[in-house]
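Okay, so here's the structure we're looking at.
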C-alpha cells in the first residue's frame, strides 16, 4: 500500500515524481452529468503553480492539465477521469550532491532507507509537486460541492510571528487572492511579505499557517468514531506536505476553556429546528457536521530547502560535509498551500456527501438527459 | 466506487474508454528494486493486441505502453508506476446508430440506465479494450512472481463443442503460442480455427474457455473465509469481460464426485513434509494454497458484436429496428483472453504474496544497492 | 488482512471457531429505522442449523442469536449491530488424532502451515460453522432488500448425478423448504434423498449444487470492471465453503453457444422502456444489472469428513497412518448451504443497493419518526 | 460505512452503546504465536476504567474483557480475536429529559439528525465508552510492538492553564501512573488536581492535553503522501473523543521557526549510519519514520456534560428550556484519555509494522512450534 490513494467513494489515485516525465491523477466515483472542462481544473492549478510571484520558486511549469477519459460532450460520464500533467522544467543536475548525502529534514534519507533507492531529482516522489494532482482532483470536488450549496475557502493567517486578525468568510473570499501571500487582511499581508523577503535575503525560510472554512455543509456528514468528520479531516490535512499541526474549532486553545465557556447552547432557527447559539464547536459535534460552518487551521513548517549552509552525512563516502541547497525553492509554503488545503477539504467533504447519500453516486440531477431512460437511480420504481 | 481498482497491497487503478484519447493504469505497491522496462510490459501487450491474426479484430492499435513514473535507472523505486497507452485507431462513426438503440447483450443499455449517459464510441468504458491496462499491470506482477519461482500460464481448451484433451503445464508453455487460437494441442487448434472461420463467414461468433495453471505457489497464500484464494480468484476471473463461469480444481464436475473419490490422501515429500498424493483439490484447501499447482477454467461467452441482423429498441424514437454491428470485431474471445486471464491470475497471486509477507512490500532483495543504507526492512535491528 | 470482512458499505465482520466459546458477527452500514428483531434472524439460522434432519450432522446447536447493539425499540439505529451466537455442543476429543495428522482435503494442513498452529477442534476457524455468522448478517440484508421489492431464493438442483428439471421462481419459493434436501422438485428430492442415504451407509459423501435467483433487482447495480456485479458475486459465492464453481446465466454452457443464439434482442416493456426479449444473459450486462432476474449456480464438492478409512501423514511422528473421521458430519452440503448462498447473494445485492444510492445509507424511509428532526439526508435543504 | 473500523492490516472492528448490553471488539490481522491472555488486556482497561478516582465518573464498570476466539493454549492463532465487555452499571433514566432536547455540544442533535433516531442512554454510540474497545485492541498491538523493541507512553502535560515542564521518556514511564491526573511531573500534577477540584465544585469542567512518545520505531514506517505516518496518526488521534487538535514534533509552534532553526543536521551514529543531530522533526521526515522518537500532543476539550445550567431547544415541544446534565461525569478528560491515546498510537504503529513487512503477517517468530511444519512464510523455499 503506497499511499497514493485518497477517498472511499470519491477516489483519487496519483502518480509522479518532481522531475519525472509527468504527474497523473485518476478520479473515480465522480457521478455522471457534471459539466466539466480542463479550464475548470486549470483555474486552481494556476493558483498553486510555481513562478507566480517573487515569493515562489522560479521553476517554470505551465502545469497544463490534460483530461484523458471520463468526459463526453463537456459532461462527466460517471467513469474514471484520467488526468495527466507534463513536467516541463526539470533540472536535476543541482541535486546530484545530495544523492547519498541527505538534505536536512527532507525525505531523502527516509525514502532511501525504506526503499533502498529513491528518485532523487527534485525530491522525486517526496516533492510537494505531488500536490498538483490533489489540486486537480479537488477542483472536480469543488464543482460538485458548489452544486450542493457548499462553499469553501482558505487564506494565510500567520507567517512567522505575524498573525492576521480574525476575518470573515466574506472577507476571505473577497481579499485572499489580492496579494501574493494569500492573506485576506491586506495590512497584515504587506507585513508578511516584508518578513518573507527578509528571510529570503538571509538565505533562510520561515513557517506559517492556513485558516480554512466551509459553509453550507448540511447536518449529518461524518460517520461515528474512526471515520468521524474530524478524523478524516485530520488525515487529509496532515497529509499536506510540511504540516505539523491540525486544529478545528478552538483547536489547541480548547485546553484552556471550561465546559461552560465552550459549550454552545441551543436555540431555534427560523425553520424551528435546533441550532447552536455559537460555533465554538467548529461545525462538528460527536464527529458529525452540525450545519454550522466548519473551520480550522493547518500549520506548515518552514521550507527545508534553504541556501544557508547545513551539515549532512554522506553514507557512501562516510564523510560529513557542509552543503547548500541551491535549486529553486519557496521561502515560505502557505501561499501556495492555500489551494492544496482547499483541495483536501473539498475531497473530504465530497466523499462524505456521497457516503451520506446526499450526492447520488451514479449521476447528478442536472445532467444532460440525451441518453437518459427512465431508470434513474433516484427512481427505483422506474416511474 | 466505480470499479477501476484491483488488489489490496499490489494495487491497480485504471482509466480509459475504447475510443477515448488514452488508456491508463497506475500500479501502486510494487516493491523497489525490480528490474523493469517498457519492453517487459510490451511483450504481453502484443499477445492481446488487436489485428494480430485473421481471428482478431482488424483495429490497428500498436498498444505502445509509456511508463511515466516509478522507474529509475531501469529499476522500480517503490513508488507508483504510472502507465499510459494512447488510442490510435478509433473510428466511432459506425457506432452512431446504437447511441439510443442498445446492441443486444452489450453494456449499452445498462450503462446508459445507470449513468444517464455513456461514452458510446466502441463501447466506451464497457469495452474489453480496458483489459490492455490489466495486461500491463499483470506483466509487472509476473516479473515479481518469477523471482519467487512462481510460473503461470493459460491456453484455450475449448471453442464451441471442440474440446482439447488434457495437456501438461510443460506442453502449455511449449505450444500455446504456436497458433492463433492459443490452444496448446496443435491438432485441436486446427479444428478450432476451422470452426471459428465457419462462424465468421456466417456473420456469427462463438464461445469458448480458457484453462489456467500456476506452479511453484508456496503453501499458505490466501486468508480464511471471505478473502480465501478461491474467493479472490473468483472475483478476478469473473471480472474478465464476457466471463460466465469460474471453476477451479474439479470445478462443476465436483458435484458428481464422492468424498472418497475427491479427497486427496497425504504422503511425505522428499523433505519429510506432508504432501497430497493427488491434486483433485486444485491447489487450494480451506481457501489457502496447498503447495500443489493451482488450476482452473474460465468460460467466455461468444462476442456480442456480430454482423448478423438483430432487433433493438430505440428509446429516443420509441421504434424497434433491425441492426447489424458492423465495426471490427473478434469472432471469438479466448485467444486474446489468454494474456488477460494470466494477468488476473498474476495480480491475485502477487497480492497474496505481499499479504503473506513472502514478498517484502518495500523492496525486493536483488535490487541495486546504489543508494542503499543498512536500514533494510528485513533488517529491523539495522545490523 | 485475515479475511473476516465482507462488503464495502454494508460491512460484515466475523469471528469464531467451530469449538470455540462463541461465533460473532458485527454488521456496520445498515441504515437506521429498519424494524429488526432476533426472531427475524433466527428464522434463517434455523434453516442452516445442524441436527435438523437425518442428512445433517447430529451436533446439537440451538444457534440462538443474541443482538448486543444497534437496535432500539425494535428498530435499527444506524450504528453497528453486534451479534453473538454461543457454541454449546462442542466435543473436541474426537479431533485429537488429527492435530498433527491432517485430514485429507481439509484445511488442517494449510492452516497449520500458514499460521504455524491452528485451532484444531472441529476444524476451528476453517469449519463451515463460520457460515452461521453469514446467515445472521444475510437475514438483515434480506429485510432491507424486501423493502425495496427484491426477492431472492435458492434451492438444491443437483446431488451427484441426479439433476432436477428447471423449476420456476414461484415453485422454488413454494417447495424448496418442503423436504430435507431443499430441492423444489418433489420427485427429484426423493431420489436425491435415497442417493444420499446410500452414500451415508457406505461411509462416504457426495457433491451437489445450488441454484439461486433474485427478482426485482433494479437496473444499474454493479460498478464497471473489477467491481462488476458478476465479479463481486464471484467472490461472494466462491467464499462459500466447499465451492469449486460459480456460474451465472448460461454459465459453463455458454462456451458452446453462438453470439446469435445467446444475444437477447430488445423490445419495449409496457412503460416504453427497452427490455430484453429473453434472459440468456442472466440479468447482468456489462457487469451491471439489466432489470431481469439474476440467476446462477454454485457447485459444492462432497464433504471431506467421511467415516471411510483414508491415509494421512503425521508430521510429528513422521509416520503414514490410516484414519477415519468419526465426528458428526453431513453426508452432503447443499441442503444446509441453501441459506448460506441466499445470504451471500443478499449481502452482495444490498451492498450495491447502498453503493448506487438506491438505499439511503443513513436511514430507511419507513422509520419511526420519534426522534426525527427535519434534517433528513434525502432532504438536504431541510425543508 | 459507519466508522467502526480502524487499520489496514491490523484491523479493529467495534460495536456497542454506552448503555447497551455490551461493548465488543474484533481484532483481525494479529499474527499467530503471540502469547496473549485476558490479563494482558485487562491491565490497560483498568487504566481507563471509570470510578478509579475522585476525578473520574463514579459509574461502576468492572470492564472485564472476555476473549471469545482467536486464542489457543495461551497463544494467538492468527484468526480473528473476538472480545466482549459487558455493560453493568447503566442508569438511563437520567437521560430521558434529553431525548428531544439535545445537550449542548454533544452528539445528541447530530446523531438524531443523521439517523432520524439515536440510542440516547448515556450518549449511546457517541459516548466515550466506545474507547474501551480501542484500549482492548491497543493492548494487543502494544504486546506485538514490545516484541519488536518499540515502547510507547503518554501522560497529561496540561490542564487548563497549568502546563507541565518538559519531562523525559524515562520520567513519563516512571511517574505518569503515580497520580490520578496521570501527569509525570508530580508538582504540576498536584496543581492540576487542585484546579480540577475547583471546577468540579463550580459544576463546571476543564480542557487539557496529552503528550505521547514512541521510542524504538525503526526507520521506514509510513507510506508516501496520503498514508504517511503523520496523516494516519492524524486520523487516529483526531478520532479520540473530544480531540480538537493534533500536533507532532514542533506542532503549532513550527509556524514561528525558520528553516535553519528547525532543520536537523546529519551526523553519523556509532554504526556509521546517518542520524539527525536533533529531533525537531518529531521522528517523521517526508511522512516516513526517521528512527528518532516520535512525539506529539493531543488537545481534548472540556467534558460537555456539566451540572451547570445550560439552554437547550426541545424539537418535540418547540420550547427552549434550561437543563442540567446530572448523570455521572468526568470533570476533565485527559487522565482517562492517556491509555486511549496510547492505544491509537499503538494501533497506528503496528499497522505500519505489518505494512512494511517488519512484522510477519502470518506468525511471529517466537511462537510455540507444537503444530509447526517447515512451511514458514519467512521460509518460502520450505527449507
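Of note:
The letters A, B, C and D name the chains in turn, as written, and every chain counts its residues from 1.
In this text, contacts are C-beta pairs under 8 Å (C-beta built on N, C-alpha and C of every residue); 3 or more make two chains touch, one makes a residue touch a chain.
Labels paired with UniProt names: A, B, C, D = Chorismate synthase.
All values derive from a computational prediction rather than experimental measurement.
Looking at A-D alongside A-C, one finds more C-beta pairs in contact between the chains of A-D. Remark: rotation between chain C (Chorismate synthase) and chain D (Chorismate synthase) after Cα superposition is 180° (nearest 5). For the pair chain C (Chorismate synthase) and chain D (Chorismate synthase), the distance between mean C-alpha positions equals 37 Å. One simple way to say how far apart two chains are is to compare their mean CA positions; for chain A (Chorismate synthase) and chain D (Chorismate synthase) this gives 27 Å. Per-chain Cα centroids separate chain A (Chorismate synthase) from chain C (Chorismate synthase) by 43 Å. With touch defined as above, residues shared between interfaces to two or more other chains in chain A (Chorismate synthase) number as follows: 1-5, 8-9, 14, 79, 109, 113-114, 125, 219-220, 224, 273-274, 291, 315, 355-356, 361-362, 373, 375, 377.
Residues of chain A (Chorismate synthase) touching chain C (Chorismate synthase) in their complex: 9, 79, 148-149, 218-220, 224, 271, 273-274, 291, 355-358, 360-362, 373-375, 377-378, 380-382. By the touch criterion given at the top, residues 1-6, 8, 14, 101-102, 104-111, 113-114, 125-126, 130, 158-161, 199, 204-209, 219-220, 222-228, 230-239, 243-252, 254-268, 272-277, 280-282, 285-291, 299-306, 308, 310-313, 315, 318, 320, 355-356 of chain B (Chorismate synthase) touch chain C (Chorismate synthase) in their complex.
The residues of chain D (Chorismate synthase) lying in touch with chain C (Chorismate synthase) in their complex are 1-5, 8-9, 11, 13-17, 20-24, 26, 28-29, 32-33, 66, 68-70, 72, 75, 77-82, 84, 99-100, 109, 112-120, 124-125, 315, 361-363, 367-373, 375-377.
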